[in-house]
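Presented sequentially are two complexes of subunit A, the first with subunit B as partner and the second with subunit C.
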Partner chain A sequence: MTRRRRGPILLVLPTMVILVLVVIFPMIYSLTVSFRLYDLRVPRHPFVGFENYIRLFTDSRFHNALGVTGLLLLGELALQFPIGFGLAILLARKFRGKKVVQPLLLIPMMITPVVVGYMGRLLFETRSGPINYFLNLMGLPSALWHTSASTALLTVILLDTWQWTPFMMGVLLAGLVSLPPEPYESAKVDGASGLQIFWYLTLPLLKPVIALVIIMRALAILQTFDIIYVLTMGGPGTATETIGIYTYLVGFRYWDIGQASSAAWVLAMMLSVGVTIFLKMMGRERR
Partner chain B sequence: MNLRTQRLIGQIVTYLAIGVALVFTLFPIYWMLLTSIQPSDELMQSPPRFITTRPTLEHWRFAIENKWRYFINSLIISSSATAIAILVGSLSGYAFARYRVGGDTLPFWILSLKFFPPIAAAVPFFLMMNRLRLLDTHIAVIIPHLIITIPFAVWMIKGFVAEVPRELEEAAMIDGCSHLGVIRRVTLPLIAPGIVVTALFCFIWSWNDFLFALILTRSHAMTLPVAIAGMREAHGLMWGAVSATAAMATLPVLLMAIVLQKYIVRGLALGAVK
Partner chain C sequence: MKKWFVLFLGLLFVGIGGLAAGKPFEGVTITVAVHSGHHATPWYMEAKNIKDLLGITLNVVEISPEEMYSRELLELSARTGAFDIVQYNSAWIGDFEPYLVPLDDFIIKTGDDFAFGDYLPGFRDFHNMWGGKIYSVTLDGDTFLLYYRKDLFENPEERAAFKAKYGYELPDPPKTWDQVVDLAEFFTRKKGEKLAGSVLTKDFYGYADQAKRGRVYYWYLFRYIPFSAPNPHYFDPETMEPLINSPAAVAALENMKKLLEYSPPGVLGWEWDELFNAAMKDGRVAMWIHWPDEGRRFSELAPLPVENPPEPKLGIAPTPGVIKDGVYYQYTLVDSAWVASICADSKNKDAAWAVLNYMFGAGAVSLKWVMSPDSGWDPNRYSHVNSPLWRAKVPGIDKFLDTEVQAMQHGFPCLKIPGAFEYMDKLDLYISKYLAGEIKTAKEALDKVAEEWKKITERFGVESQKEFYAKLWQK
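Moving on to the complex of A and B:
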């Protein structure tokens, strides 16, 4: 290897060494733990093969966590994508005050998720929270929100929608304003209606960006933890127990580190499918 | 309906929808700030009070007196995780952009770590820090936070370097500048704003983390988000105090968001859109 090539590799070396130490090593360690009966309260951790994984896949509570996470994913995307897209289309127009409004609408996604969870406790407070107050004003009965098993997940979805719709909006808006103007001009000349232009021009042109925001959100939703920890701790019962919360409870409440490791590995495997798709799309974007 | 009224209706609908979105976006923040300065006897009243005529700083005093050390812990941990990320990230970001070290594979692998689930790393980190007797120290949180900050820093800086035309560096080199001199006098000043943006984001990602700090600290090194989550049990219905502490955690992020305005979308979309 010539001297010219050695320099760049030296530049990359510190990053790679650190990443191997903080990612690869812990993950291999966690994989070995997932094959052991690892209870922190007892000194010996015997090798048990796939037993943790078998216990995991036969645990009805884990099935519930998969279902809750799936519902969360569908519910959040079903709200965040249309609202975010709608706002992006409006913001792509010219109107007065846009320069002030746009950054204000992006604020929620910068706020600490734990704080958002706490805001939820304030706003959805059942007895004297402002949301139930407004419901009553409109003649609707108060709801129990996060304190009832039937509405707790909905409350989580609404809160996360508050925080992350701006992400959908912002990225889709950036995609909209970078679309080439030429096809639009010729479509107008040909007398296409607004709806036709949107359906046959904007949507297909924007498809890569749409796919990108959806996969990025999906990857984040599958890991949801902070807001739920503060709002419901997975409850009432197991109504809001996502894979993340399940893993935490198994590992750090019941101290079954082996089983928690196997759950974490299953989650990591699920995510890696999404990440592969994401990387393919990022690669295509750059070409 | 002629074109003009049609356009007018379009304008009205736009303003109306944006107005509703603004109210929904800002009300929760307003409500938290309001709660943090309302006297205790006005809190959790039915019907709720939407303004206060008797603002008080008692909750803020409580938050600063009792939670300040967690604020400092967060500050130490986030600054350290950011500084390390910027240091190693600038080197490798430059190398990835200019020399294409590792082709596409290596930078893409690093990018993929942005989606690495903290819960998966939390378990082994807990065991390792436990064995090293490092639980509840700043170091124990700073190290796993590098998973959050380094991939982001590398990827962002790589993007910013790629925007500096290679010809600029080559021209300076022809004028007799050494390679290191070129980086110092040409490239670095040009990407300096990008590095500041990257650093602010890294700080926010580390500041906002909850899971690592929750598992790896108990009291001494506890960060502000963990302290807020813990107030639920310890303080019963101290809404004012929790609101003031939560606001204390939010203000630095809000200030940074103002600086970042133009870059927020780029940062969150990992440079996929500008």
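Moving on to the complex of A and C:
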């Protein structure tokens, strides 16, 4: 190997070593664990083939967790994207007090999710929480929020939306302000309406940013854990038991690390497939 | 001169011997794995005294509660010798037993300086004993008591109205679950109605459980155990068949659901804070079951939410029981709280015992730390609950301390066999589903629990679990 070729390799080598140790090795190890009966309390961990995966796919609780996770994903994206986009469009304009409003709107995403979970417990408290207080002031009855199986998931979605819409807004705003001005000037000269400009210019130009932010949020939503752990612990019943909570319980409460690893790998596979399909769809539209 | 030199040497040896006798473990380091945070405080605070008295250097390793089980089990099972003493939850004894040493010999060898018999029976039998041997010493005497509004229960108008409605004297304290249902129904009132002769400024509720998913199973066990009298068990000890779906078990769960009718809205999401605040800070609950915190913090009870409230007064009693065939059965669930043991691979077991003896033996040190709010440890010895010092320092604490003694006479253990958490979590899950209305009947919910319990038992091995289950009861 020549010195010229050796130089770059030596430069990336530390990164490669760290990547292998920190990312690749744990992934491969967890994959091997998913094919073993790996109980922390038992010294031997025999190879069991696909048994963990079979147990997983025949577990009604896992099916429920898949459903809950799917609803959480759809619910959050359906709220966060339009609200975030709307706020980004508003903030892309010049108005008085913008410098105050913009950082204020970003505060929620700077709070630790565990703290947001505790805040949620206080805000949505059925008996004396401020949200029910305001509902009562408007003549509406108190809602049970996270303490009822029928509204617990909605409460999680609302709380997560409060925290993460600013992220959606921030990324989309960055995309909006970096769009080139020329097409807009031409459109205005051609007499295009605001709606036409938004539909035929802004949206297509912003598609890469939209794809990025949706993928980032989707990945984060699928990993939601802290807020649910603090707010409902997956309950009442299994109303808010996501794959994340399910995996935690199986792995770190029942010590069935084998099955927990298989659940984590199923989630990872689903994510990869989902992201690939989404990117292909976005790419096809762009062409 | 030679004579003087010999005398000097003799005195020197005697002196060194005397010093060595005063510090019998000079130069020894004992590593103790402890629950991080407030549980670690006493260890740090006593480290210097231990050094001065025993010559032992204490190395305190704090481990967060979430990773305690796995970290300790990994170190113990790999026999690394990393710890001499481990603090752990007594529910883990089934998994930890092979790596710990029984303490009987240490107690005998040191003339029972520790005063093991001073432990309250519930803790002695169900924290420390395992398979007929003493495996641990109790740090934290966690258990559950019934709390109620004595200021309300003593009100003459309320007493008369209760008798007129239910045909018997208002029970103070409530002794059975049937009485709790009657009392809860009786005291549940709306804002604007009268309570204790005065107008309510807020809705008031007869009873509340801490019913959030995760720990709601405790509140079911408070019922399951007495309802299953006279011989309550989690499993049939002969066959390991779950008894959790017996008719008594179903009745216990139905009682739980019935009491939801008289509970504040939202109790299905209540953890420790919510119940404590609603009952103690907001004063809106007539009866509830909780850990000893309220008993120790009795003076924080808020007045009743009425226009002219009487002076707040907290009633404390053992958890309710049942009457069957004219016999009263009451059991107190002994929470599987924090204990400490000596590791089998410790190279300094005698020194480790000396540390445990110093920290948790009967006497001023252990009393100081259960009295202190800094440790989070609750009383667990007769010498704690009968302490004239505590009673003199905290006027009014008597009621709590006396009730602890009473409650601990009839202790009942949490499940401690391997997989205990998994068994309890499945119970918790289906109770939560039933209370939330996801499962229609108590029988259906408990049949599911029994089905899950069978699967767990089969996974660990029926015979092996049977042996562990037997150890739970051996004294």
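Criterion: the second predicted complex is superposed on the first by the 272 of 287 C-alpha atoms of A that agree within 3 Å, B and C clash if a C-alpha of one lies under 4 Å from a C-alpha of the other, contacts with A are read in each partner's own complex, and residues count from 1 in each chain.
Rule of thumb we're sticking to: a contact is a pair of C-beta atoms (placed from the backbone, for glycine too) under 8 Å apart; a residue touches a chain by one contact, two chains touch by 3 or more.
Everything numeric in this text was worked out from a predicted model, so none of it was measured.
Would you check which partner chain A:142 touches, where first means subunit B only, second means subunit C only, and both and neither mean what they say?
So A:142 only meets subunit C here.
Mind working out whether A:166 is in touch with subunit B, subunit C, both or neither, as first, second, both or neither?
After superposing on A, A:166 lies in contact with subunit B but is clear of subunit C.
Can A:33 be said to touch subunit B (first), subunit C (second), both, or neither?
Only subunit B is touched by A:33; subunit C is not.
Look at A:41 in the shared chain and tell me whether it touches subunit B only, subunit C only, both, or neither; answer first, second, both or neither.
A:41: touches subunit C, not subunit B.
Considering only the touch criterion stated at the top, classify A:22 as touching first (subunit B), second (subunit C), both, or neither.
Touch status of A:22: first partner only.
Of subunit B and subunit C, which one touches more of subunit A's residues?
Between subunit B and subunit C, B touches the greater number of residues in subunit A.
For A:66, decide between first (touching subunit B), second (touching subunit C), both and neither.
neither
Contact-wise, after the overlay, does A:236 reach subunit B, subunit C, both or neither (first, second, both, neither)?
Once the two structures are laid over each other on A, A:236 reaches subunit C alone.
Looking at the overlay, does A:128 come into contact with subunit B only (first), subunit C only (second), both, or neither?
Both partners.
Kindly list the residues of subunit A that each of subunit B and subunit C touches, one partner per complex.
121, 125, 127-128, 252
Could you list, by residue number, the parts of subunit B that touch subunit A in their complex?
Listed in rising order, the residues of subunit B that touch subunit A are 10-11, 14-15, 17-18, 21-22, 24-29, 31-32, 35, 44-48, 50, 84, 87-89, 91-92, 94-96, 98-99, 101-102, 104, 106, 108, 110-113, 115-128, 143-144, 146-147, 150-151, 154, 204, 207-208, 210-211, 214-215, 224-226, 228-229, 232, 239, 242-243, 246, 249-250, 253-254, 256-258, 260-261, 264-266, 268-270, 272-274.
Quick check on the complex: what are the subunit A residues that touch subunit B?
Touch residues, subunit A against subunit B: 5, 7-9, 11-12, 14-16, 18-19, 22-23, 26-27, 29-30, 33, 86-87, 90-91, 93, 95, 101, 103-119, 121-123, 125, 127-130, 133, 162, 166-167, 170-171, 173-175, 178, 209, 212-213, 216, 219-220, 222-223, 225-226, 229-230, 244, 247-248, 251-252, 257, 260-261, 264-265, 267-268, 271, 274-275, 278-279, 282-283, 285.
Could you pull out which subunit C residues touch subunit A in their complex?
Touching subunit A from subunit C are residues 66, 70, 73-74, 77, 95, 212-214, 264-271, 273-274, 278, 282, 284, 418-419, 421-422, 425, 429, 432-433, 435-439.
Quick one: which bits of subunit A touch subunit C in the complex? Just the residue numbers, please.
It is residues 40-41, 43, 61, 121, 125-128, 142, 144-149, 152, 231-239, 249, 252-255 of subunit A that touch subunit C.
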